[in-house]
Structures are given as structure tokens and as C-alpha cells.
Amino acid sequence: MAEPLLEVRSLRKRFGGLTATDDVSLRLHEGELLAIIGPNGAGKTTLIAQLQGELRPDSGAILLSGAEITHLSPPERAHRGVARSFQITSIFPDFTALENVAMAVQAHAGHSFRFFRPAASEPELVEPAAAALARVGLAQRAAVPAQALAHGEKRQLELAMALAAKPKVMLLDEPMAGMGRLESERMVALLDSLKRDVSILLIEHDMDAVFALADRIAVLVYGRIIATGSADQIRRDPAVREAYLGEGHG
Amino acid sequence: MRATVLAALAIAAVVPLVTAGLGGGEFYLGFATRIVIFAIAATSLNLILGYGGLVSLGHAAFFGLAAYGVGILAAHGVDTAAIQWPVALAACAVFAAVTGLVVLRTSGIYFIMITLAFAQMLYFLFVSLRQYGGDDGLTIATRSRLGPIDLGEPVVLYYLSVLCLVGSLWFCHRLVASRFGMVIRGARTNTRRMAALGFPVFRYQLVAFVLAGVMCGVAGILQANLTQFVSPSYMAWARSGELIVMVVLGGMGTLFGPVLGAAALLILEEVLADWTVHWMLYLGPIIVLIVLFAKRGLIGLFDRRSPPPAGGHHG
Amino acid sequence: MLELLVSQALNGIQLGVLLFLMAAGLTLVLGIMNVVNLAHGSLYMVGAYLAAQMTAVTGSFLLALPMAVLATLVLGLVLEVATLRTLYQRDHLDQVLLTFGLILFFNEVVRVIWGPTALFVPVPEALDQELEFLDGEIIYPAYRLAIIAVGLAVAAFLFWLIARTRVGMLIRAGAANRDMVAALGVDIVRLNTLVFGLGAGLAGLAGVMAAPILAVESGMGDGILILTFVVIVIGGIGSIRGALVAAVLIGVVDTMGRSLLPMILRELVDRQLASAIGPAVASMLIYILMAVVLTLRPQGLFPARTG
């Protein structure tokens, strides 16, 4: 089997008496979409925060293309190709949609110690930003201040920002949270179109979306992975049905 | 925008003519110069406070430090600007870099308290330097020598100050739209997101902190030449508070807000002081009212499209 | 030499005790409400002025003390309810500006009421004497020792309050994790008002006790406020223990530094140079200490906050 793009080995994280991440091991392959599901409080966001670098694990290792990144800061990981979207929309409200995405491009276009030329006049920032906006279907809204966008549009913008960095891995924390039916369907279609180009680790509560998109699914309960497998395997797994689907799905 | 700028420049240009026509013209021209100088200082603070969201309560330290740079060198007979000014500005840059390394690792209340503490450290340092006047301050016998330009001529000093203000504003204007400026502004609203995108925010904030310190130093140099005097009170914490009031009163995060704010606060102080010795009794509550009701600042009166005031300090 | 060392150390502890009284209330308010209050120094100043006034009226400092402390406490409560409470939801910049405005106002109010010249409060007669220790080797004013005693008694009371009472438990929990306490159904606003009043009373007490040894004048609270901030930063926001340790540390380092450092330097370098840089370095000592602590422990020595 080819070397996984992202590998997590025996990750552990405790907060006081609570074990948020309990011996988690994962593999994400090139071009794969791995969904992590689990009840609230299972430690999904904590896991993502450790993969992105905001939280340091107590023990274990994280490898990107075989190189250990466990002790790198979030900006350093971003430069190696790890992008993250946040569960609670995290954008720059005063900037336009285009400026938001251009910020993401700028982070990966050399250093930013350039003091005189307006960033908005740099094609190498604006053009990829516009392309990323178009990809998520926000081309028409480029000039709108981000705070004036609808909720679903903000989620799309957040995705465009992750995308604009041309990452190897995208860590998406509930991209469909708070979306209506129609918006969710659009987002599913969008992720479906992306997943060939970039590997995605997806946290999501919307089971229809997960079953439609995921190549593999991992089930996280109380910080532990209790099962991993295809959508069908997960649906049939009795432990999963008991721990999770039995109460959450339906 | 262009029309406003031209109008402002025209007003600045004719101020000496107008003050010459008033009785006691010297006083009014000196007052106008003071406004211009504080406008530079407020503009420099706006760079990190308004655009960068860094609530520095110690910004006057740079103002006083540069003024002492001029004063101390002059006391040792070094009065050419070619040496004085670079040394004074370098001192500001070094102080900003060293304190910035400490304060920028903190945020929120810590940041406010620690910037205040470091400014107070400098204040007490100069109080303890008896050989340079200590508490009483230092009289500067000769103004900086700047080639053929005679800073002893009030009109000349005024125009030089205006030139420096225009330069500062132009620099700010370019900076905030540049890549660097975008990083600083982005960090104001969402530091966490900036890190996730891949920006080592600390480095950029440190450079901004140094730039703002040096720009404030320019104001300090001009002030030393205006008053031919420098004392620890230049960097008293109340001065830093006043600079914040200027920025907020004028409109933080806007280019011309701090200029308006500096003019408004200094004129208000002058008018109140003219009317009663207990002018601070009124200034204090006025500041409180501004906080509660007029956070968009004076600039909001002129430009209804200007953005709403900066949100909370996220850190 | 011994006499100098001991009396300077006692002076340092005495300053530290005053700083602790200032820092104790403020650090809890900062910890619970995450609110900046620059006007805390004004309460200290008001306490001192009230002590001067009431001593003059009643003729007894010991009578004036509880009255002045109580009055400052009430003033603190009024301030909290009338102004600060509106700002808990706003950003720190608003809090800085508002309390900055309050400082200007209070500094001027005392000038209007009591005039521009400093007031002097006589040391209470019973304590107006020098005490001798070690067969007269060490002589120290009784009043300053009394300050230390009162400060330590208050510290003991606060430790008891925080560690042993229900209110104390809530305060501790509030400083560590405000949301959790609010989620438990505790009225966090009322809790804070209580703590704010307590802090105001302590600041007033510090001012009252400082009145006989310092000039009571407008702006006297500004300098000690900044020292208080240094104490809180070093001790860790929200921590009473941190406030006590850091306050005594700062008091001793500052006092000893100012008297001993120039002497030590004179032994090491040229006399003239030493007398030039000695006071300069001494004046910066506590801030350098703060920078070192922050570099090593960004959350202070005794961080209280967990979430």
C-alpha cells in the first residue's frame, strides 16, 4: 500500500481528568475523503485542532507525507499543506469575500514584508483568489464584505479560503453546520467535485452527506476510534449502531 | 477623497498666514505646530491600535524617548540633525523591538498592562537621570541644525512638521493596503485564522510595533525642537492615554481620523483650560461620553460610508 | 550595614503590603470579569483623602480609618454599578478609555474639594514612636510595622475567605472559568459587584494607611496603579497567592534595589559612573524582573485561569 498522505499514530490528549483523544491512529491517503463521525463531545474538534497544530498532543505522532509534523506550529503546518476550516465560521468580517480569499493566497505567496504596493493590485494574489471563489460558487459575491454574506455563503467562503492555499490536506470541521437543505446539497456537490484534487478529512453530523461523500468513515466515541470502514461496513457495524447511530440517526 | 486631501493641504498651507494676522501670532502658530506634531504621534498609534487592534497604553514612551535623544545629544554639543535624528529614531526602534518581543507574546489585558509598565520604566529611568535634569527636565539650548534650514524660525518648523505629517499619512495609506497591511489588519479581527492560514503573525506585529514606534519618534523630535525642552512628563502614562483618546475621538482605523482627533482634543483642552483651571473635571466625563456614544469618531460625521468601529480585541 | 539591610527590607515589605492590598481586589476583578480598571488607583487616592479629612474632623486617625475604608467601598460599588458594569460586554479599549476618563475626573475632583497642595496626616499618637530591636541595633518606626501587620492580617483573612467560604469558592471558580460558574446558575454580575466592592475597600484601606507616611495629593494613585499592574502580571491574573508573593517581591526588590544597587555598583565600577547609572538601573529593576517572568512564564507565577 502506498505511503499515506497523513498518518496519525497513537495520539493522546488529556484535559485534566478528561481524555479527549485516546490512542487515535488514522491514515488518510492521497485523493481520499475520510469522514470522522461521532456523538457530540466525542473529541472530533480536539482531534482536528491537534492535526492543525493549535493544540499539542500529550503523546503520539502526526506525519505528513512521511515527515513528522507533531511539533510544528500552525503556520508551519499550513506551509506544508495543511488547511483547516472552522466549526464556527472564522473569516475576516471587514474584508470583502475576495480579500478574505486573497489573504489565504498571500499566506502561501512568499513573505508579506511588502509595504507599498496595494495587495489588491497584485494579480498573483487576486487571480487565484478569484478562481477559488468561482470554484465554490461565490464569484458573483466577490466584492461583498464578508460580514454581509448569508450564513451558507460564509461557509462556502471558509472553504474557498482553505482551498486557495492549494493544500495537500483539508481539515473540514462541520462545513455544513447550520445550513439549510438546499445549501447542504450544494456543499455536498462541491466537496464531491473537490475530493479528487485534495485529500479531505471531514467532520460532519449530516449523515446523508457523510454517506454520500466518504470513501471511508471512522467513528469516534469518547476520544476513541471504535470502528473504521466503508459506508456499508459502518452502517452494519453493531458497535457503531449501539454507540452512535442508534440514537443519532433517523 | 482627492478633493478632501487637497482642501486639507490648502488649509495647512495657509495656517501661518492666518495666525500672522491674529494678535499673538507666535502663540497660535506654535499651537498649530503642536497639533500637527500630535497628529503624527496619533497617526503612528493608529497604525497598531486602529489597524492592528493592539491597545498600547505606552505609546508616549517613543515620543519622549526621541525627544530625549535630541536633548541629550544637544547637551553634549551634537546638534546636527544628521546625527541627532537617526540616533533618536534608532533608540525608538530598539526600544520598540525589545519591548515588543515581550508584549506581543501576550494579548488582551496583559498587553495593555505591560505596554503601560514598560513606558513607566522609561519614565522612571529619565526621572533618575539627574545629569539630564531628572524630574525637572532638560532645556535644549540649540535646535537641531538641518543644513541651511533654520528650525528656529517658527514658520519653517511648522512647515517641516506638516511635511512630516503628510509623509506619515502617505506611508500609512500605502501600508494598510499592502500585503503587510493586510496581515496586520487581518490579525486584528482574527489572529487564530491568520495562524491557520499560515501567517507567523508575531513577526508582522513586531515590525508594525517598531514602525509605529519610529514614526512616533519623528513627532518627538519635532516636539523637542518646538519647545526646546524635554522632561519625563513627555512619556507620562497620561500622555499615552491622550494619544489613545485622539485616535478614538477622530476615528480609529481611518487614515485622517487621528489627525482630526489630535486637533479636536488639543483645541478642546485649550478652550477648557482657558475657561477654568479645573478643565480636567470636564474633559474626563467628555471622554467617558465619547466611549459610550461616539465610537465611530469625528470622521464618522464627515464620511457616512466609513466602516464601523473596529470590533473587540481578539487575542 | 545590618541596620540598613533590615530596615530597607522592612520598607520593602511594607510597600509590598500596600501593593498587595491594591492588587488583591483588582486581580480578582480582572480574573472574573476580564475587565480593565485603570480607576483602581483613584480609589486608593480617595481613601487617602478621606482619611485626611476624617482625621481632621474627628481628631482620631483610628476612628477615621474604618469610616474612610467604608466610604471608599461604597464609592467603588457606585462606580461599578453606574459605569463599569455597562462595559463588561465591550472591548478592552472601551474599558481603558472609560476608566482613563474617570481618573482625570477624580484627580481633578480632589483638587476642587481639597485644593491643589498636598495634605499631611499625622501618624496616630500611639504608634508615633521608634521601636528598638536587637539591643538598639535596629530601630524601626512602629507605624510602618503596624502597616505590615494590618496587611498580613488582611492577607490571612482573604486566604480564609477564598479557601474556606462558599463565596470564596465561587470567586476562585469564577477566576478560573467564568462561563462554568455562570452555567452553574450563579449570578456572576452580583458576584463581581461584591468582589469589586471588596477590592475598592482594600484599595481604600491601602490609601488610608499610606496617608500618614506619604503626601496626600492628586495623582498619588497613578504611580501605585502601575506598580499594581506589574504585581498582577507577575503573580498571574486572578490569583490571590500570586498577588501576595509578587507584591512582596516587587516591594522588596524595588526598595532594596534603590538603596543597595548604587552601593554595590560603587564597589564594582568607577564611583562617578556608579552614581550615574546606579539609580537608573535600580529604577528599571522591577520592570526587567517582570519581563523575565513573562518570558519564562507568560501567565505569571500562579496562573488561575484554566479556560
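Every chain is named by a letter (A, B and C) in the order it is written, and numbering of its residues begins at 1.
The working rule: contacts are C-beta pairs under 8 Å (C-beta built on N, C-alpha and C of every residue); 3 or more make two chains touch, one makes a residue touch a chain.
Since this is a predicted model, take the numbers as computed values, not measurements.
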Requested in this report: Name, by label, each chain that touches both members of the pair subunit A and subunit B.
Outcome: none
Query - Most widely separated chain from subunit B, with each centre as the mean of CA atoms - result: A
Query - Innermost chain by mean C-alpha position - result: B
Report summary line: Between the Cα centroids of subunit A and subunit B the separation in whole angstrom comes to 43
Report task. List the centre-to-centre spacing of subunit B and subunit C in whole Å, with centres computed as mean CA coordinates. Result -> 31
Query raised in the report: Between subunit A and subunit C, what is the separation of their C-alpha centroids in Å?
Result: 48
Query raised in the report: Could you say which residues in subunit A touch two or more other chains, in rising order?
Result: none
**Report entry** subunit B, residues touching no fewer than two other chains
**Finding:** 311
Query raised in the report: Across the complex, what residues on subunit C touch subunit B?
Result: 30, 34, 36, 83, 86, 90-94, 96-98, 100-109, 111-112, 222, 226, 229-230, 232-233, 237, 276, 279-280, 282-284, 287-288, 290-291, 294-295, 298
Requested in this report: Would you pull the subunit B residues touching subunit C in the complex into a rising list?
Outcome: 49, 55, 57, 102, 105-106, 108-110, 112-114, 116-118, 120-121, 124-125, 127-131, 237-238, 241, 244-245, 248, 278-281, 283-288, 290-292, 295, 311-313
Report summary line: subunit B partner, complex, touching residues on subunit A are 52, 54, 73-75, 78-79, 83-84, 86, 90-95, 99, 102-104, 106-108, 112-120, 122, 125, 161, 165
Query raised in the report: Quick one: in the complex, what on subunit B touches subunit A?
Result: 174-175, 177-183, 185-186, 189-190, 192-201, 204, 207, 307, 311
